[in-house]
Structures are given as C-alpha cells and as structure tokens.
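In what comes next, chain A is part of two complexes: it sits with chain B in the first one and with chain C in the second one.
Right, the complex of A and B next:
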C-alpha cells in the first residue's frame, strides 16, 4: 500500500456533502508530487478550503465525504479507523491557518504550544523538540526565541504569530502542508515576508504544499501547479506558467483579468462577467442532475 | 497599580458592610416581634418590662442604639446574645467553621460533578448522550436544595440507612481540637474517626446544596466548551494529532472555565444562603441553623452578627473569584 514513489497527495473524485445532500465539492481530483506547490484558487465558496479540510480530517460537524478517495503518501485515508487516520495525518501533514490571531491558544504559552505535538505525538525527547523549535524560530527570523517561547499569544503581533505558526507547521518535517490563505488576515507589508518564508522553507525541506488562496498574484509567485475551482468543481488544472500564458477556460481568464494591478488608476477593474458565472452555474446544475441519477440507480 | 486596586477593594468592602449593617439593624427593629416579650414569662409587670427594655437599651432612639452598636462593632464587640447570653462574635465564629466546611464540600462536589458532566457532554456532542445529559441536568436543576435533602434522607437515611441524617459529628467522639474545623483538623491530625464521622454527616446536606449548582455548571460549561471547540486553535490541535478528549482537557477547558467562573462565584453565594434551610433540615450545627433560632427568638444582636458575617463572607468570595479569574486568564495578569 505504502510505496516510496507514491505521490504526496492524491485526491480522486472527491465529493463532500452537507447533511441535506448538497455537494460542496463535486468530483474533485488533483495530485501533489513530493516538493511541489499547488495553488487552489477560486472565489469564496468555491470549495478551496474545503479540500484542505477534507485532507486533514477537520471537516466541520455535519459535513462529510460522500464519495471519492484521498491517498496520503499512498495510504488510503478512508480505509483507516478514525484514530489511525488521525495519527497518519498528524505524522505526515501540517496546517498553516488563515488567521494567526485565533490559531494560538490564548491561555497557554507559545513554547508548549509548539513542542507539545513534537513530544506527545511524534515521540521526540523534550530537548530535541526544544532544539528543533529554536532552530525554526531562528529560521523565521524571530530574534529572541527564549522570550517568545515564554510569551502568551496576546503579547505578540499578528505577523509574529503567523511566523510562529509557520515554524510550528514545519517543525515535525511534514511531507504535506496545507496553507489555508495564510496571508489574508495580515497587512500587506507583512504578507510578502510571510509568503517568502513559506516558499524558502518549502524549498529547503522539500515539503509538498497545498496553497489555498484567492489572490492570482500570490499564485504566480509561489506555485508550480494551479487548480482553479468554481462551485466545488475543478474548472482548470494546469502548470502555473500555462495558466498565466495560455489559460484554457474562460473563467480562469476572467479571474486573471480581475486581479487588480499596481496601475489600477489607469486600468479599469474588470470583474468576472455575470454571464460567465450564470453559465458555470448551469453546468453545475447539469452535473448535479447526472450525479443524483447515478446515486439513484 | 496593585496597591490602588487593593485600596479601592477594601474601601468598597467597608462601604458595603456598613450598608448591610444599617439595613439589618433597622429591619430587625422595624419588623414586628419584640425580644423583651420573648424573654419574660406571662403575667410580667410593666416595671419588669421597662427594666428589661432599659437593660438592653431598647428604650433609646434607633439612631442612638445604632451608634452604640456600630461603635462596639468597630472595636470588635458585637454585643451579647439575648437568648444564649454569650458574646455574639464567639458564638458566630464558633459556628462559622461548620458552615464553611459544608459549603466548601458542596462547592467541590458541584465543580467535580458539573465539570465531569460538561466534559462528557462536550465529548459526545450532537449525540443522544448529550441530549440525555441535558435533560438530566435540567431535571436536577429544577428540584430545589431542600427537596434534594428530603430525597436523600429518604434514600440513605431510611431505605438504605448508610449515612447520618442529623447533627455534625457523632457526639460520643472525644474531640479536643484547637479549631472547630472538625473535618480539616481531623485530616491534619490523622483522626480518621472524626473525619469519617463528619464526612458521613456532611455528605447528604452537601449533596443537596451541590446538585442544583452542579447542574448549572454542567450546562454552562458544556456550552462554553462547545464554542471553544470551534476555535481555530482547537482545530489546529486536532490536525496535530491530539484526540478529542485531550483537545477538550488541554486546549478547551481552561478557556471555557473563564466565563463559567463568574457564574460559579455568584451561585456559590446563593449556595451559602441555601445552608440556612439545609442545615436546619439535617440539624447540622452551623451558622444557618443558628440564624433560624436567632430569628425565631428575636435575638437581635445575634441576627445582626450572623448577617454581617454572611455579608463579609460574600465579599471575600467575590474577591477570590476575581483573583482566580486573573490566575486563569493571562491577558489580565499584567495590568
């Protein structure tokens, strides 16, 4: 089952459904090679975050995987018991969350929040966990690690907290990192720095990254492959250079065109045309009809 | 900063206690019922009544009486009990340990039981178990403490008589303790006979007081836990491989305890109020029981002393709650 040449992540025909049967992801397939960065783009509600949540086993209550397979390093996650699945995910993957202000426990010091998983889940010694944590804090340019390790989250700035969360994600040397819009909640000056850190660490460690974002500018900077989503469906899946040079789908072209540019004052803002969105919704409806026929047969 | 906080705190406490003193002093004198008539046998002469009234100072004006009493209180003299003919402070402080032990036991039971039910409810959220626990705690909450007392007497005093239903300790025991904290001093001295006897006497009244509070804690803490369990940091803990139970205990509980604590502080003062009836029910020799006797006998100085002590107790509890709040919430620590 587990072979050395397996892809880091392989998602096959994934369907994620609300209790009332409404699909949030519709036959999504994508894969991630070791060391590859794949951007998941789309507007709000396109399902890009939902893919990350499904992979990490943190779908909100009531939302479940109704069909499809997720293979993590060649292991079928669906085939595992919940406890083994939790362990498998924790051993191979990590999450860089969207909002650094809510992702750290307000009543616990930073130090144990990073080292606890290393000692209690990965079975490291305290000394090793602490050494690794210091090394990574240094790597994300935190100058006085000992003071930070002894701080509570409210004593640190947002950018500082996001750097800590990046360090925490890379600390156990995961094979896969899901970065869920990690720069959205930060102000623009900090965004660049955070993006650069993720890219550098990713290159050094050879970790595969699923990078969820709605910012086509970010996509161009960080990823090798792109999956464009609309309404929980994959609209286009291609190498990043091709997405920008020669996008196949009209929606991808519209998304790129809608990205604000530095000379926004001279160039008018071009939103995605409503007619195109209506067309996409019609396709989804047809898709759903086929899906329900398939389910009822 | 801290000094200023302490000063403000002490000042408000003093004002509160003075207000309580004025109100209780006035109320017990305005309310119908005369302590003098309780003391004299039927057929007493007018002269006897006048002499006794003058002896206790009831012939003076209300403000004058108050000045005499409050002047004594400031010097630590709370007057003499009319019925028991002993200094009020001795009587009241002698009974206080019994009530403190009972209330603390009740609080501990309520926290342990309520906390356990809340954690189980949060762990099994959105299942039949949670619904069952909700219904049970709702039912427990709707039965008042004295009714629980009667239920326990029936169960463990009559049908299956394993616990003592009356008093504080087996009177045959020889207790030569320095304090009246029989349970705690027994623990320290290793007098297990005293400990087990007080425990057996305390358990039913403590449970009666604890159950409604436990149900309240269970409901509120579970609700707070469920909210915290939707926070990003608990999600992150799950991704990192921690089981749901350890996410609840290590990441969520302390955060959820903060808003629960405010309620526990308020409810604990109600619990101490509840000791008045429950102590009576179990003939437990505490402050509450003494308060009822004092009211029945119109023992004005004793009523005043007991009420003042209760008021002081409440302010101390509020202070402790605020302190524990600071202890649990690092954001309040350096301010």
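Right, the complex of A and C next:
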C-alpha cells in the first residue's frame, strides 16, 4: 500500500455535489508532498473545509463526490470498498478540528479518548498507546499529564483542549493531517504557540498537513503552498512566498489587502471589491454551463 | 484616516476603582458560601464622549465583564460607575429603566441574539416600540437603510442572511434607538476578513456621524488599530496599558501589550516569526 514515491495526497478534478446537483467543489485539483503544509484559504462558503471532509470521508449526509479522484499515499480511495476505505483513511490520516469542545466526548475522560484510537485502529498495546500519549502531551507542553488524562473536557481551558487534540492527532504519526481552522477560536498568543507546535511536530513526523484557514496572516506563517478558493473553485495555487510576494490573481491580492494589520500605514477596511466578486460568479456560471453540457452528453 | 488630535472630550463614562467578583462554584465548600474570584481588580478609566475605545486582552482578562458593567447587566461590588454625571453602579432596575435606551449592545453571535422566528423588520422595530421611539415598519426600514441593507431584507428571517448581514441587523437594532453608548463585544470575530472590513467601516462611519460613544471589545489588535481612537489593555482584571491607539501601539508600556502585538501573524513572509 505504501508507495514510497507517492505523494501524500493527490486530488484530481474533485467535484462535490448537493443532492440537487449544486456543486460545492468544482474541479478541484491539488497535491501534498510528505512533510508539506498546504493552506486552503478563502471566505466562508469557498469550499475549503469541504475538501478536508471529502478527503477524510466525512462529508455531511446528502453531500457526495460526484466526480474526481482522491489518492492517499498513491491509493485510489474510490476504488476501495467503503469498509476498506474507512480503514485506510483512519490508519493514515487525522483531523484537528476547529472547536475542540465539540470534538471531545464531554462524558469521557481525556485519557481513553486519546488512547482508544491507538489501540483500536492502529492495534497498539495499551501500554504503548499510553506511553506515546504521555510523550505527545509532554511535547505540547502539558505539564501535568496524569491530571489531564484523568480530566473531563470541560475542566480544561480552550487552549489546553486544542493542545490535547493536536497531541491526539500526531500520536500515531499519521501521513496526513487535516487541520480545520484549528486556531480561529483562540487568543493570538495561544494561536502562535499552537501554530509553533503543529509546525514542530509536523516537521518531526514528516506529516503532510492540509491547513484550512481564512486568515492570510496564518497562511504566511505556517504553509509552504497555498490553494486560494472561491465558490468551490481553485482561484490560485502557488508556493506561499509567491502568493505574498507576487500574487497572480486579483482575488488573492484582494484577500491579502482585506487582512488587517497593526500597522498604521496600511489602509483600513478594504473588503473584496463587489465587481471582482461579480466577475468570479460569472466565471463560476460559465463553468457550470460547461459542466452540465459535459454531464448531459 | 485617524482624526487629528481632538481636544479632550468630557467623559461620558467615568469609572473609579471598579471591583467585581464572581462566586467560585468549583471550590464551593459543603457548608457556607463559595469563595469569590476577583475578575475586575480596581479599574479606573474614562470613556470620552464621541470616541471609540477598544478594550483588548486575552480570554479571562475581564474585558467582557467590564463591558457588561458599562451597560449595567452586571453591578459592581465596589467603586463608581458614572454615566453622564450619574452614578449608575448602585441604581436598581427601576431607576435604570430610563437609561436603558441610551446603553445599547451588539453581540458576538447574531444567530443567538436575533430572534429566529421574527422577520428582520420586527427585530429592529420591537425595541423601538418598547422605548416609544416609533416602531413602525417604515422606522425599521430607515434603520436598515443606514446599515446599507436594501428594503428587500425587511421580510427575511435571520437564518436567510449571511454572517455579515446579520451583524448589520444587530447594528441597525442598536442605532434605531438613538442611544448615546454602544457596547460591541467581539462583533466581527466570527466573520471572514472581507465581511469584517465591511462591518467595521460601517460601524466607524455610523459612530462618527451619530456622535456615538463606543466600547469595542476585541482580542484582535489589528482591528482595534484601525477602528478605535483609544485603547485599554486588560490583563487578569487590571489595566496594563491605555491611551490613544497610536501611542499604545507605537510605544507599548506593558510586556502584555508587546506580547499581544508580537503574536499577530501579519500577512507577509517572515521566517523568523516563530523564533
């Protein structure tokens, strides 16, 4: 299964569709190398979270992949039976969600919530799972691992819970992590620490990360590659330094300009110009017309 | 963009040695009363009339608690809260009622602060009726126009609006009452940058046009830099920095302010940011 030369993730012309035929993702292609962080950026509704959900096989009910291929470590996911697909995804990938409180079971202690997947999915012994969990909790600077393992989620702060989920995600050294706005709910100082942890662990384990965010500031700090999305379409795909130093698409430039900075020199409050949005919508419409012709042929 | 050094304005709010604490239920003994956690530890500050003051700090710094004292959803344990020359800290609900219209609030999550069963125009008109400030559909439409929403939005329900549009309705509801003070608590933290920019420039224009005094609570210093005239930095219930935004941002006195400024990820390549 593990093809050494394969990319961690390869998405080819992915289309994700509502039951009424409306496309949420439109011919999205992107790839991720081992150890690489790719930011998926765009406004609400751009489809950035949907890509991660499609890859992990956790699309909401009714939403499905209508066309396209997802290759995880060289394995065509659509060619697998649902059971094998779930197993493959679970053994190679992990999710760091936006809201750690809803991701953690409120009536179970933290300890088993981290170790269970390690024993059940990865087949580790309990002792090994517990040792690895302690190691990771130490890595995310949790001083008192025994107390934390015996706590319930509500007894911990938001930053603490997010660090626990990062530890849980990295514990099995997955090949792929989808980080879905993992720092949006946090204070800037905690955000910086969390970003640093993700970067450190990801470099150590060689994990590829799809990092979903709407914050161009975070994109600049954490990623090496960027996919800019609008209305479920890829608007620009480029190395991060090029996105900031020489962005090609007007929408990318508008997103960067809309990001507030603490400098007095930058002009405040520049939303994406409505004319640009209208143009992007026209492109999507034209795209949809071509797509429906293709579908009806 | 930032206005020229304005002459010192009389303070609309004047707060002296404000203390506030909550019972610590987690450590309640079997008998007797729970110990108290001090959330605000003797704050002294002024909010000058007609200016936008940013209140910033980390989670748990007491910024929302301070906001809630300003609109008198919470009463202080000790200290003075003077609004327009009146000490409102000790007033009971009956005595506060005539002041309520002057002290309005815009909330973080419009989905839970706008009645989901009411159309937009009723959401705006209902408090107008209560405070005898009109409350007809036409009145609501006027408020909608001020926040840049077309008439067609009057008959929509909150769930039919985008996050930015909902926040505009929240602003319309507050300004329709022609208050003197608005508390805005993290009103753009749930929005993406483009909607954020729209809502903030709207708030700034309205506040300046109507001569409103605004307290803008946020954890985002970049937003405060561009929106506010003054800023107060809170840490564990104490003021660690305050003054005109330009002064505080360019010459932060406290390490807390410096740390908050340093932690902002700016949209530019900087390989040494993590070091």
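Odds and ends about this structure:
The rule is short, and it goes like this: the second predicted complex is superposed on the first by the 292 of 297 C-alpha atoms of A that agree within 3 Å, B and C clash if a C-alpha of one lies under 4 Å from a C-alpha of the other, contacts with A are read in each partner's own complex, and residues count from 1 in each chain.
As a working rule, contacts are C-beta pairs under 8 Å (C-beta built on N, C-alpha and C of every residue); 3 or more make two chains touch, one makes a residue touch a chain.
What you see is a predicted model, and the numbers here were worked out from it, not measured in a lab.
Contacts of A:61 after superposition: chain B is touched, whereas chain C is not reached. By the touch criterion defined above, A:128 lies against neither chain B nor chain C after alignment on the C-alpha atoms of chain A.
Contacts of A:139 after superposition: neither chain B nor chain C is touched. Touched residues of chain A were counted for both chain B and chain C, and C has more of them. Once chain A of one complex is fitted onto chain A of the other, the partner contacts of A:196 are limited to chain C, with no touch recorded for chain B.
Touch criterion met: A:215 reaches chain C, while chain B stays clear of it.
Judged by the touch definition given at the top, the superposed model places A:269 against chain C, while chain B stays out of reach.
Applying the stated contact rule after C-alpha superposition, one finds that A:253 touches neither chain B nor chain C.
By the touch criterion given at the top, residues 1-2, 58-59, 162-163, 191-198, 200-201, 204, 219-223, 225-227, 246, 249-250, 259-261, 263-270, 273-274 of chain C touch chain A in their complex.
Listed in rising order, the residues of chain A touching chain B in the complex are 56-58, 61, 83, 86-87, 89-91, 93-95, 97-99, 102-108, 116-117, 120-121, 152, 154. Chain A contributes residues 43-44, 157-158, 187-192, 195-196, 199, 214-221, 240-241, 244-245, 254-256, 258-264, 266-272 to its touches with chain C in the complex.
Remark: chain B residues 125-126, 231-233, 235-236, 238-243, 250-251, 254-255, 328-331 touch chain A in the complex.
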